[in-house]
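In the part that follows, the structures are each spelled out as structure tokens.
Across the two complexes that follow, subunit A remains constant while its partner is subunit B and subsequently subunit C.
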Partner chain A sequence: MGNSYRIALAGNPNTGKSTLFNALTGLRQHTGNWAGKTVSLAQGNVQYKDKTFNLIDLPGTYSLFSNSSDEEVARNYIVFEKPDVTVVVLDATSLERNFNLALQVLEMTKNVIICINLIDVAEKQGITINERILTNRLGVPVIKISARNKKGFPMLLDTIDRIVTGAIECEPVQMTYSDDIEKQIKKIEPKVYELVGNQLSTRWVSLRLLDGDEKLLNEINQRFGQRRQHNEYSTVI
Partner chain B sequence: MSIQQLYEEAQQLSSAKLRDDIVQQLYERSHHLCSEGINYTKSKRDTRTEKLDAIFTSPIFGFPIMLTMLGVLFYLTIAGANIPSSMLAEFFGSLENYLTAFFGFLNTPEWVHGVLVLGLYRGTTWVISVMLPPMAIFFPTFALLENYGYLPRVAFNMDRLFKRVGAHGKQSLTMAMGFGCNAAAVISTRIIESPRERMLAILTNNFVPCNGRWGTLIVLASLFMAANFTGGLKSLVTTGVIVGIVMFGIIVTFFVSWVLSKTALKGIPTHYTLELPPYRKPKIFDTVVRSSLTKSWSVLMRAVKVAAPAAILTWVFANIYIGDTSILMYAVEFLDPFGKLLGLDGYIMMAFILGLPANEIVLPILLMGYLSTGSLTEVDSLVDLKQIFLDHGWTWLTALNMMLFSLLHYPCGTTLLNIYKETKSKKWTFLAFLIPTVIAILVPLIITQTVRFFGWM
Partner chain C sequence: MSIPKIMKLVNGEKGDLIQITSLNLDGVMRRRLLDLGFVAGAIVEVIRKSPLGDPIAFRVSQTTIALRKEESSQIEGMLITDGE
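Presenting the complex of A and B:
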């Protein structure tokens, strides 16, 4: 199955993420277990053109600081399992709060689609969203949908298709923090690169280390520490 | 260089408020994005929620409104429960005469009648008459506030205070739950993600008086604190005292949280997002029916299940004599010196110890001990009740101390069991028992000794 791609769905709770998941996958769902953790995530397939998109429904979270186990699961999947595309589902009626999560995802991974759901409700409330400006500011595709009314699905699937084929290149615009924080990142980042290389976003890992994220530290230790040790042994031999 | 060393280096570079800065700057950018890419033409519904939030979560009006709401809620409960409570008590009292007559007709031995009617029947009906009416008013009213969307605003208002003592803002929601039942509230702390802050919420939840302690608090407040008032004013003063007691419980919660977060549970409160849903008109009928029927009923059944065996046990203890003193009296005499030190007495201490399974039965057991007739006694009016207390040397100080002890003492058996299930740790469960107990002993001790020292009593 060379034409199969993994698409992760992230988003705040109550944004219609699961509605979108169910509408797209229909009955072609099953739950899968992920390495090391006994957390099960719902998965389902969508056929599009000659490709199979394997959708993974991540737990709904408000942030990805790994405060709770839900946040940790979602965060670890995006960072370590590296889905081909991460779709961040936002609630059009409370974007100001929802963007917070989207910005965090943009720091972690490159291939992201911002999917603004509940667009029908937002229009009724007099909210108009200019997705072109947002695309321009964020550096990744921004798409408006209504999962309940199945509006905007062709556009979403086509965009996923064009990202996995490389027709669209995502260039997430990175958050710039205050000068203090930026200086600290600059000091740490080269050293992070020595450890993780291109495997993870070094900027993001630096920020997490500065924030004192011990859970991430353990996760990296488990996943990279062993590999490094292994390499050292083989060079000795 | 290992990642561990790098982590330590990063920690030295960064400051404690880094997370706050990150979150703040994320939100600033979100705000900036929204103002660029989104156009709001406000609809009516949005502005209504915003206008209400400006009042309910305002720095000036937020807290007074919260206190008023709390006061109104308690006033409705206290004033409204009076008449149905006494009606229920009368009904059960007259039914008891028939039961006694029936047992006489069957010619059963005296002890059968004693255990079943004077022990079991009186104990459980006492609990029902005292507890059911306040619950049937409190739960639906509270549920209405909850469904209207006010509770998240309470959490929002309280957040700053909780953060200052190192606890989580959502703790105010679990505390609100505690007004109903501490055992249920301990489970509800699952909404707090961070294990440290969750533990704080579990360990301090007991300082919110649950339904089982309401009966005790309301009866004592109206008998001794509002003694010189009548009618509507009496309910008002009683409410005032209860609000005061609740406030004191909240202050103790803050204090204990603060001490713990500086010692055994060190740490900085985590960042979290609290959703403030739009205000909705609740489905009044649905809410009232569901919360009165299901919630009140289940809490009551739990109380009855515990009260029934405890009532039987108390009756047995009070009626088995060694020499010319009952087992109950031995215990009372043993506990008396300690109780006196706290401005209480041996009967009260024993009632609290036997009341471990459920706080509801503390007052009935106490009355039973006082009357020494060997059973929970039906008291026809509150005047009779007060006379019993006065005959045993009660003053306002005794009442105050008992209310404080009831507010602060160890959680009931069910709550302790839930704490063990949730924390899976004997150590923390024991601490959840120890911390309140020490405070419940210290506070009345200090008050009593101070009052005696200055000769106010």
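Presenting the complex of A and C:
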């Protein structure tokens, strides 16, 4: 299916991801986030122009550093399953909190839309958000919606469409860290490249390894180690 | 001028506003607290304290979050407003 694209929905709990998912797909999914539950990802399709957008409702989390299985599932999906676009859904009334996850996603992957939801509630609270300034600073499209009132959907779908066709090029802002950390990144990035090539952001992987993320290293070894063995095997044949 | 009172979050009383100065934790626990908004400079409010002080509910970055004693005893801050 050349005209089908995978669109992942990420975000903090209670930002309206499922409301958005249901409104766009016409499905009625309610996936709870309680601990211990096997995480199953709700999926549904949206037709737009000549395309099918396959939406994936990722578990809601405050972070993607795999402190919990929900975070691991969401992180692994974004990094290893590589959706065509990742839409981060934010609560307009608590952007400070919500940007923790949003900025993490911008470090992990390129094609990102920042989708600021609950804009109706924010307006009632006297909060105004300038999405143009945010778009400029973040290097990716920022869109305001109200999922419950189905407001802002045409803009969101059009932006997804433009990203998958290449009409919009995302250039997520790069966080700069202290000189010491930047030096360490430079040092290990070539080794990381040998391991993951162009498959993952070497900068992001380097940062995670410097942070001692062993789970990620295991995941990479499992996924990429096998592939490499397989390649070696096939060249022997 | 009074000297700012440095205290541990675990010793906060209902209504106190405390500005976080440091987290004396490492690894996943530290990461989790940072992700929840317990970062240096953030102002948290003590919302509710259970009789034995464990857990304590804090208002941090527009969300209420309960911490166990092991966590709240490792976070230090400056008392900004006394709840009483």
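The rule we apply is simple: the second predicted complex is superposed on the first by the 221 of 237 C-alpha atoms of A that agree within 3 Å, B and C clash if a C-alpha of one lies under 4 Å from a C-alpha of the other, contacts with A are read in each partner's own complex, and residues count from 1 in each chain.
Here is the rule we go by: a contact is a pair of C-beta atoms (placed from the backbone, for glycine too) under 8 Å apart; a residue touches a chain by one contact, two chains touch by 3 or more.
Quick caveat: nothing in here was measured; it's all calculated off a predicted structure.
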item: Side-by-side fit of subunit B and subunit C on subunit A, or clash; value: clash
item: First (subunit B), second (subunit C), both or neither touched by A:Tyr62; value: both
item: Which superposed partner A:Arg97 touches (first subunit B, second subunit C, both, neither); value: both
item: Partner chain in contact with A:Ile129 - subunit B first, subunit C second, else both or neither; value: first
item: Partner chain(s) touched by A:Ala167 [first = subunit B, second = subunit C, both, neither]; value: neither
item: Partner chain(s) touched by A:Ser178 [first = subunit B, second = subunit C, both, neither]; value: first
item: Between subunit B and subunit C, more extensive residue contact with subunit A; value: B
item: Location of subunit B clashes with subunit C - one stretch out of 1-9, 271-279 or 415-423; value: 271-279
item: Contacts on subunit A seen with subunit B and repeated with subunit C across the two complexes; value: 62-63, 65, 67, 96-97, 100, 211-212
item: Subunit C-facing residues of subunit A, complex; value: 62-63, 65, 67, 93-94, 96-97, 100, 211-212
item: Contact footprint of subunit A on subunit B as seen in their complex; value: 1-4, 6-7, 9-11, 13-14, 18-19, 21-23, 25-27, 29-31, 33-34, 36-43, 45-46, 193-194, 270-273, 275
item: Subunit A - residues contacting subunit B, complex; value: 14, 62-63, 65, 67-68, 71, 95-100, 103-104, 124-131, 133-134, 137-138, 175, 177-178, 180-181, 184, 187-188, 191-192, 194-195, 206-207, 209-212, 214, 217, 220-221, 224-225
item: Subunit C residues within the subunit A interface of the complex; value: 27-28, 31-32, 35-37, 61-63
